[in-house]
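Each in structure tokens, the structures are laid out below.
After this come two complexes, each holding chain A, first together with chain B and then together with chain C.
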Partner chain A sequence: MRYLSLAQSLTRSSRRIRIAGLVALSACLFAAATHPALAQGTNDWSELQRGLYLSRVGDCAACHTADPEKPMAGKYALDTPFGTIWTANLTPDEETGLGEWSADDFWRAMNEGIRRDGAHLYPAFPYTHFTLISRADSDAIYAYLQSLEPISQDVMEPDFPFPLNIRFVLNGWNLINFEDRSFTPDPERSAAWNRGYYIAEGLGHCSMCHSPKNFTGAVKDGDAAYSGGMAEGWLAPALRPGSGGPGLSDWSKDDLMAFLRHGRNSRTAAFGPMAEVIDKSTRHLTDSDLDALATYILDLPESGEAPADSEAIDTDDPAMQTGALVYATQCSACHGPDGEGIPGQFARLKGSSLTQSSDPTTVVRLVLEGVRSVPTEKYPTPHAMPAFDWKLNDAEVAAVATYVRNAFGNSAPAVTADAVAEIREAQ
Partner chain B sequence: MAISRRYFLTGASVLALTGGALARSYRGSVPWSSKTARPPSPAGLHQTFFSAEERSVIVAMVDRLIPKDEFPSASEAGVVTFLEDQLAGPYGRGDIYYLQGPFQQGTESQGYQAEAPAILYRQAIADLETAIRKEGTDGFTALDAEAQDDFLTALSEGEQELEHVDAKTFFDRLWEDTQLGYFGDPVHGGNRDMVGWKMIGFPGARYDYRPYIDHNGKALDLPPVSVAGNYQREAN
Partner chain C sequence: MARKLPKREVVIVGFGWTGAIMAEQLTAEGLDVLALERGVWRNTSTDYAVTNAQDEVRYRFRHDLFEQLSRETMTFRNSSDQTALPMRMLGSFLPGTNVGGSGVHWNGITWRFLPSDFVARSHNEERYGPLPEDMTIQDWGVSYEELEPHYTTFEELCGISGKAGNLNGRLQQGGNPFEGPRSKEYPNPPMDMVLAPKLFAEAASGLGYKPFPFPSANMSRAYTNPLGVSLAPCTYCGFCEKFACGNYSKASAPTTILPVLMRRQNFELQTQAMVLRVLKAADGKSVTGVEYITPEGEIIEQPADMVILSTYINHNVHLLMVSGIGQIYDPRSQQGLVGKNYAYQITSGVTVFYDEETHINPFIGAGALGMVIDEFNGDNFDHSGLGFIGGGFIGQTQTNGRPVESLAVPDGTPKFGAGWKKAMRENYGHSVGIGTHGAVMSYRGNYLDLDPTYKDAYGRPLMRMTFDFTENELRMSDYLTDRAVEIAEAMGGREMTVSRRKGPYSIVPYQTTHNTGGHIMGASPADSVTNKYLQHWQMPNLFLTGAGAFPQNPGYNPTGTVAALAYHSAAAIRRSYLRAPGQPMVQA
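On to the complex of A and B.
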């Protein structure tokens, strides 16, 4: 904070001292420009700001801030298919946080998933993605985290069953699933695409939710990548057309940028875990980074896997008939008689990729539980969809889900009452 | 009233103690979580207000007000269930009325002037049974349909008086409540299977009538829907 205090003194002192201060300031600036060590010191304000920004790009707070009163102090219970894992305390507390960690230690954790004491970190921490980031970015995040208020908060070991509770077995996991990578720009691609790749595949770790996972819990790549995955019991929809549904195939770059910036666009509104991502991460992105991210995501290649059965269910189907009645009486006031929604307000179901996802979990959960959009600067008043679990039975929820997935020109597999019962049970 | 020093200090300290506990400050947006809104609670059959005798009198009366034809009678449509539920709750207690003294004769324009509806109903039933028995008949249920109609007409026109309550006030309440039970949402216990709505062609608690804005008074011919959903499901 050297420069800051100097600036403060400038405003307070007499004119003579002010001049002396100016001389000193220019000397400092000169020194900073000529001495990289000074410019990159942990007290460098712009370095801290960069670290803060990068921590937002990486959405660190989503998992590491469980209690808003204790930012980055961890202890957020992350439910995984293998058990519960509690996130680490990233504040510079010496006993329970990263107080003893050096920038090198932090880099090793980000790059290789290895803790300061040499133990492996569980891959719920996305080092599989963070390995891509540059040393400079890692150092900036480190500097930012070290500047936080130290908070003492002990974090428990995960409650994984044997042998997963032995961190050594992660050597095997890493052997199969982890590749220590660094980012090399593709000269064939635009600068925006390359930046977008760096953000999405690195800090942004988008595929942690939007790709399916293999039996070891690792993100699948290749044809399966970005074909949709599960996140906190919600379906993170496919981002590209293929087995997971139509993805974002008919989204424009403006659509995607508005969605990531404001939580809404002309076709839909964010909710659930993605609303949180927008709130804590993507709405803070600079215009150029947001543009880069959208460029990369919309350029994802079409999945080689065959698209799901695209034959729409006939309107004479009994489920479609019931669904049409439920839709007309419960849904159409907001989503429109023809599923057209209201731009910037209520989601359009006609042509919606989420509505037509192969996996109907999210559609069913929306109907059962309702949901609220995320308040952002542009749309400070969030709309909520009410819960219908108390008034619609399983068959009716299944019927209306089937209906919205096959009316208005949509087409997606029918939803069964049993599937609804299962999702209702899981809540 | 003069406020004593002790009184003031006690009040101030109570405020100071509870003020902190009640204060909540929210930044950003008000927290939201799913399924915290309270859905309407359906009327249950378990709630009883009337005794068996009172109930039989009420059944007989509402079934004269809305008798059975091609549609069910009032009691068959659940009107008595509706009345039981209402009279056992805030409506019966008269929660929306000021019921303290001093009591003066009010005017018609001042609205409802009687006791809490639960007391009105109970007292009126007792009084009318006494009045009918004095004439040598074994209560309202023992009258034939024509005599029942005559008695109700007399009540409604203020010709038949009741000993403790105003007869016309009671009749007007009963008639209004019977209609509410027959045509209100089934979630409240009456209008079973939405028969009242089917009778008059009312499509119920649908959210959206925009597609029908230009129907120009023509019948809608839409199946009715209850606030609680209910697509051809049994009420209760």
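On to the complex of A and C.
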């Protein structure tokens, strides 16, 4: 470590020189001994590429790159129900980043949620998922992070109230919510499924958003897993049929792979936090990893909990009648008179799992605020849905939301004007 | 004192259709391209949301998408012996501003010109003998055959909906039998016709004509263009011309090119950059860049290896004039070429009124939704003994039923009050308009120069337009109108009104935004400003795109040809110019 720090401090002013320094350093280390810290400061091209790839699979940049000018330097304000957490600086800066960390330190953080100084990390950092990953993958990510430009950026402590501001209490949280796991392939399942499990439950940490959380903020498992959760005020929809709605029950693997690769498919387009996930993470996945992820997600078992009220609301219902009128005048130009949308451009509402989610938050927010899709190589046009908050009142938004959830063969609970008012207020 | 910025390889002035086409083509070649646009960025989905874009007051009457005359305008007069006055309100034509330019608010009618249009002088002289002395029409120096692949490129970019009439020389049923041979069918089928164009087509067929669907940049179905950009099917909302389409159903630079162009690292767009002049080298043999002013009033000098002027016709000409590039045309001496051969379009109309059982549903419309005949365009008919050359198309487009603008009432209706309201109620939804759209030849006395009196907001002299319809055009328009009346009679309505175009030309009522000429292209520097690649004859690193290159204005909407000329120019730049930058691609 001392050598590394020295090399860095000597050459910090220039990246090119710094890399040259590291090359010299690794040569020196190789020559010196067979110390376990050999992996540190590696300049192995394939190891760094693997680390970069895995950091994308884990979508590290989503939370750790707040400013594109300062990649992985953290300080992204993460709002949680308990207060705000500022994300860590992952660059190899000695004072403020991971400059002093060893691969072992990094592994302990990933695997157990414990910082180099022994303090507990708050579980907004998904060590509850990362605990699944292999030591080799942890080391590759570590090597990649250590190869970055060190950026000095101090990160504040969370503004949590007492006693949550005492990191020691996380011992208790971990006792209830954390299990130090490692990945063992299920021989009954295909290699693709196993790889998909490893990605989704490990680095991908999909359930952090797509599952509901308990009162301590931990992801629920069992029947509740993947039945939909909240992310930045948006509903991350259920991925499997059950209490959260129909999930992805009628999505094909091609649908899901196209969605994760291109941000769109013939049914819908990603927006909000998922658009960012696609842009920073899933579009980079290799074909086989994407296939594996889709294989696993589409194989999630149907939840034991019955779907909520599955009877479509009658068309004579006054809300449905108002909703039909609002839909025809405001929505049908893009989404089509029968909710069929335009593949790759405007979302299909007919049969849409998101539209029929038990929790209507996202549907209501879409109508109120509008959203923009993420432009990708295949779909460069940033199609957007305009905001209607200036135009439709709470009752009209509720009516049109109720309508799209119960027209075109859809069925989902009605949305009330009060619910709309609450969501409007919250944003 | 201007602040001087680092030199760029290509600077494009004006970012409408041709600016975007040139930028796309030249960035694809790897060049570093900076586009300067006087207007602002507009986001298609949200700024033109289908839920609020259909606002007649804002767009049609308060000109939200059009250029601001308080900033720069022109003066106008009908003839050299009059004193020109400033145009203080837009009327006859409606140039756009902002990213995408006028191509954002167009109707979307996308023609190819006839092969004979490109050789208008030699063709007509050969067939009909000497032309009137004051008629200054010219051959273009480029042929239909040379432009054919570029027309195809543009049609595929836009996803034009239409039916070919001539595929590689073989006539096709249902298309325009008069068009030049095309190498490919239109990328999309024609739009779905509503009743009005069907009534027109039926009547025209009965008279022996061959009606066909307007070639339309309104999408008949979802389409992904060769750049990978998607367009959505048209909803026939009836808000094309003078409006922007937030539904991605009308091809424009923002809906077909920008999503790809904006992702390219070697492209930069600077909005609110008002270019005041083009800078010349001391020896006058090249341009060195442009000078623009920021919204804060700072003057910026932007040096460039190559400058492409892609502003609206009048502004391209004006920039040449105020930059001292080339000699301004003088009709008395007939010296000078800048501003020469300004031309326009001549239009007329017939409205057929039906009884109330015939439901036209005019609110189901699109800019280029309709049927048309081409029997009387260009030289598709024998002009012997008619006393004019040129022609135009006769067509029925159901563009809109907008409640303020589109209120046809029969002759004799009071202009206001209860009688007008009654006629309005009775006729809205029961009338069909037929339009004629004719060529305007160029003349010694129709031209652009600088006004001696009036100046713009930046202190530059205004451009002065001197223009009137001549006998050739008025006769031609009457002839077309007579044919339209015959079709209207065969359409079986209750009554009709006929609006003939009479002289003198007035700049007040809206006609078309099809201004042409002023920096015309040609085969020789003796009679043109640019060569056939739109390259300036004397300053080979200066290019001028747009309809200012037209030596005269044929009987079609210009956009297809404007775009084809830009692609033709870009192809030559990529193929030849970049191997010998700064050199003329055609030897004088």
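Operating definition for what follows: the second predicted complex is superposed on the first by the 386 of 427 C-alpha atoms of A that agree within 3 Å, B and C clash if a C-alpha of one lies under 4 Å from a C-alpha of the other, contacts with A are read in each partner's own complex, and residues count from 1 in each chain.
Assume a contact is a pair of C-beta atoms (placed from the backbone, for glycine too) under 8 Å apart; a residue touches a chain by one contact, two chains touch by 3 or more.
Note that the structure is predicted; figures quoted are calculated from it, not measured.
Participant: With both complexes overlaid on chain A, does A:A333 touch chain B (first), chain C (second), both or neither?
Facilitator: In the superposition, A:A333 touches chain B and chain C alike.
Participant: Is A:K378 touching anything from chain B or chain C once the two structures are fitted on A? First, second, both or neither.
Facilitator: A:K378 sits against chain C, while chain B stays out of touch.
Participant: Would you sort A:L239 into first (chain B), second (chain C), both or neither based on which partner it touches?
Facilitator: Neither chain B nor chain C is touched by A:L239.
Participant: Touching A:G344 in the superposition: chain B (first), chain C (second), both, neither?
Facilitator: So A:G344 only meets chain C here.
Participant: Where does A:T322 make contact in the superposed view: on chain B (first), on chain C (second), on both, or on neither?
Facilitator: The answer is first: A:T322 touches chain B but not chain C.
Participant: Regarding the shared-chain residue A:A258, is it in contact with chain B (first), chain C (second), both, or neither?
Facilitator: Neither partner.
Participant: For A:E369, using the defined touch cut-off, is the partner it touches chain B, chain C, both, or neither? Pick first, second, both or neither.
Facilitator: A:E369: touches chain B, not chain C.
Participant: Contact-wise, after the overlay, does A:D389 reach chain B, chain C, both or neither (first, second, both, neither)?
Facilitator: After superposing on A, A:D389 lies in contact with chain B but is clear of chain C.
Participant: Go through chain A and flag every residue that touches chain B in one model and chain C in the other.
Facilitator: Chain A residues touching both partners: 330, 333-334, 370, 372, 375, 380, 382, 384, 386-388, 391.
Participant: Write out the stretch or stretches of chain B touching chain A in their complex.
Facilitator: Within the complex, chain B contacts chain A at residues 28-29, 32, 34-35, 37, 39, 204-208, 210-211, 223, 225, 227-231, 233.
Participant: In their complex, what parts of chain A are in touch with chain C?
Facilitator: 330, 333-334, 342-346, 370, 372, 375, 377-388, 391
Participant: List the residues on chain C that touch chain A in their complex, please.
Facilitator: Contact set of chain C toward chain A: 43, 45-46, 49-52, 222, 224, 227-230, 232-233, 235, 237, 246-248, 255, 259-260, 263.
Participant: Name, in rising order, each residue of chain A that touches chain B in their complex.
Facilitator: Against chain B, the touching part of chain A is residues 322, 325-326, 328-334, 337, 369-372, 375, 380, 382, 384, 386-393, 396.
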